[in-house]
Amino acid sequence: MALLTQHDDSENHYVMLAKLDNVRNVSNILKAIHFKETATLFASSLGIKVTVEDSKCVQANAFIQEGVFHYFNVKDEQITFKINLTVFLECLTIFGSTSMPGISTSLKMCYAGYGCPLVLVLEEEGVLTDCTIKTLEPDEVLDFNFCSSNVINKVIMKSECLKEAFSELDMTSDVLQILMSPDPPYFRLSTFGNAGSTHSDFPKDSDMIESFTCTQTKTNRYKISLLKPSVKALGLSTRVSIRTDNRGFLSLQYMIKNEDGQVCFVEYYCAPDEDEDDEES
Amino acid sequence: MKCVIPGVNIKVFGRAIHALSKIGEELYIEPLAHGLALRTVNSSRSAYACFLFSPTFFQHYDDGTPPISDQDSDDAIRCKIAIKSCLTVFKSMSNVEKTVEKCQITLNVQKARLVFKLYCKHGIVKTHNLAFIECETLQAVFSKDMCPNQLTAQPRLLCDTVINFQSNQEEVSLIVSPEKITFKNYVDDEPDPSKVVHTALNLDPDEFDNCQIGVDTDITFCLKEFRAVLAFAEITAMPLNIKFETSGRPIVLSIDADSAFEANFVLATLAESHSQTGNSSNATTQQRTASTGSRSYASRGRLNRGRSQNQSNNYTNSNHNRFPDRNKSSNDADLMDDDFDDEILVPNIARAASVPETNTKQSHTGKAFPPCSSRSSLNTSSQDDRPSPVIQPTLHQSVLEDVHAADDDEDEDMPVPGTPPQKKFRSMFFGMSQASSAVSQETQDQNGSRSHRQVLVEDTDEEEED
Amino acid sequence: MRFRGKIADIGCIQHFTRIIGTLSKLIKVCVLRITPSNWYFILSEKLVSGGVHIWCELPQGHFFDEYALEGVSEEANEIFLELAPENLTRALKTAQNAKWIKIKLTKKHSPCLTFEVDLPTLSSHSRTVVHDIPVTVIPRRHWEDYEEPEVPQFDVTIAMPQLKILKNVVDKMKNLSNYVILSANQNGEMKLMVETDMVSVSTHFRDLVNPVNKDRVPSSQSSDAPEPDPHQFAEARIDIRKFAQFLTGQQVNPTKVICNIAKKKVVHFFLLHDDVSLQYFMPVVSS
């Protein structure tokens, strides 16, 4: 452990250098957005953002702010590279996926600049693992242009009650339909699968709902296969905010408490399904 | 139809759906005045389950019949639905038990939807609109009361028993006598019974709440289905009643929760007459001859019973079990006797593989005979002639077909050697093997009035119709 | 040929079950050799491709309260049986609270190893379950195929780090590559390394013990080669899946695990727990 807290001169050439005592504070968040092989990593003095996209319709972002690390230094204004997220996660969890009480694994992340690999050094109980992962040319990430001023409906609720609904979604349905309204049923999730239709209604006065601001009755449909992966983030989070804007774009923001009690955020953006049909079957 | 299940009973209802899903693929729903009936049957017609939830099981129960009883309104409220659809409502029982406060079930005839509305904690409401199709009733007729063999056991006893069998074990044999109840894994003759582990467990009659054995017998039935029944019985924590007769006749498992609900599971048992040799007619003669002699054989002292039981066990398990020169140590003897019993001489092993099969039948039939019955257990026609205590065959026409077929060609009723076990389970509802059931279906269809899928008929009066 | 044994101590039954459980995770079929003093479970490389060789030795006195053996003949007082350890594991599944288990060689429909388990019951009734496990008797003329493997000269002998950590690391590494390079030196260090186009991962263990191994030829007796540098690593490239299988299957916490490396030839793992030993030989795969 002493090895990693010291900052020796050989580390000066790194463009990004980050150290923390509990690697799970990074790996757990990243697992919440792991629905594709590759991800794009952005680093700035504020922290790290990792982005995963699918089909140009859904985007997930995980934010790990610099306060989560006990040492964080990024030399350039912004560093960007693409990396194989599956491999990255295997390395971060090299000492095992589950946590053992009292045992923590420390992490040091180093990046020397464009074209260089991402180097990880992990240590647990005196055993050292170093990983050298190739970095790739970053692709452009989508800008969903989702801003608060265009938000029509917003619900903030405890994640607990949504977890069950999301994990039991009827995957034989193509879409997940979300209805938000100032009138009953207020907030409704619907699927239309082989067996029939299923609706989950959450009344606005439920003790699971912390905040309910719905101005118009709107129904939007999203491809269920794109939203299903968000159940991982939901599972880790304590609260979730669900917002739709005037275009029908969906923003899901998950508040996740890491093992040291620090709060990190994961957000999902999803474009509405093109063959939108407001009729409920 | 509209009913509401209170929170406390959701567990039983949900688990009932799970149990039904392990038996058949379609759920037949029939709201009756005396309760809601849920039934299913498997595709080979060798397993049937029926749950009847009485009005007291519900917080509110309305079977949907108008106040003025109208015979024609019957047709509107019988439906069937894919069980998989219902399972989505009760997918995660642990979640359901924790969060659902009440469940409302409504039959929406106009939209052909069965609607489940789960009222959960925190004001959350989950609605499932499941498509159904109208159908005729599914009903098996079976009489439990006339079965000579009855066991009542706490589910725990039976769960502790079946856990000793491999989870992929298909069938289990239950061998009973007044002194002992034995469960064994059933080993098919194909591919190679000598490569399979044979497991046997004995239970003492005192371990059962009730144990009445009128006929020593050896029956084989589907373990997977039995496990599904036990899984349901366990959560009710109520005793399981088991009623059966002899091989070929169905076994009936039931739970009676007084006024709340009743569950009945009827499983076919393996018919004893599965032939290994092509020489079936010869075998039949042998069997018939054997019957008279063996009845007295069966009633002799304990040692003989043990021996013949062993022989019949071996027969049931595999014809390859038999060595012509083997006359000592049965499975039972191994358990009781601590001395060296079986000596293996290396050269003999090669020889043992080719075993003559002809003498198996005689010893077997000795065991299967109920002392009081005058019928020959292997003559398939006779069992249809007398009033059967168990499942009646479908239409009387097909019964007659059976009888003729059986008389002319008994051998053909015996399943082809080497067929997979399921085919050997006589279809309970037709009283004959799978192959000939197709024939009777056609017969049914030809008689226009009976073209719908009515599985069984109770009225023997209808014999006038043909 | 006769065999009859009884294990009546619950601790022995559970330990026995764990050993058989470990074996059934490693191999589908193996040979059981019964001698007056030991039970051996053997997987011979001659029979199985992939070259893994297993030799597990149980001193029977550790387990059996009653033990009676009549081998094939007086001079050859042993029995060799071929069986599937998974069948034994299944038979022992409900034996974990049993009062006793009896194991007998029997001839039912064919040669069997019969396991009888006296199950616990709430009532005063005893309840036994009997499992007849089919076995194949191996004739005397084939016995030489199942001898204890020759141990080659090793370059390095080292005590393994905690199997749990090794298992976790190898489990992850197996998702990255099919082969891992296992290396160790006489200075208490061991390394695991996988390398692909995308990533290279290496895990280093330090402060391990190098026990004295009589099979390691001391340099003074070998040819004119100088004393090898203790810091020098001996490498062995092995199949990662088989290695992971070996680590994952361990149900017994061994008191001693030794790893011997004969570079370019074989890796030998020797586990010891309470006098029960398991040897696992893995061939080195060339790159």
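Think of it as A, B and C in the order they're written, each chain with its own count starting at 1.
Note that a residue touches a chain if its C-beta (ideal position, glycine included) is under 8 Å from a C-beta of that chain, and two chains touch if they have at least 3 such contacts.
It should be emphasised that the depicted structure is a prediction, and the values quoted were computed from it without experimental measurement.
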- [ ] Write down the chain pair with more C-beta contact pairs when A-C is set against B-C.
- [x] B-C
TODO: Averaging the CA atoms per chain, pick out the one whose centre lands closest to the mean of every protein CA shown.
DONE: B
Task: Distance from chain B to chain A - Cα centre to Cα centre, in angstrom - done: 52
Open item on the list: Distance between chain B and chain C based on Cα centroids, please, to the nearest Å.
Closed with: 45
Open item on the list: Which residues of chain B touch chain C once you look at their complex with the stated criterion?
Closed with: 160, 163-164, 166, 193-204, 206-207, 314, 317-318, 320-321, 331, 334-335, 340-346, 349, 352-353
Open item on the list: Quick check on the complex: what are the chain C residues that touch chain B?
Closed with: 1-2, 4, 68, 72, 87, 90-91, 93-94, 104-112, 114, 116, 119, 121, 123, 125, 127-134, 137, 139
TODO: Over in the complex, which chain B residues touch chain A? Could you list them?
DONE: 82, 84-85, 88, 91-92, 95, 99, 113, 122-131
TODO: Please name which positions on chain C make contact with chain A in the complex.
DONE: 161, 165, 168-169, 171-173, 175-176, 197-207
TODO: Sort out for me which residues of chain A touch chain B in the complex.
DONE: 161, 164-165, 168, 170, 185, 193-203, 205-208
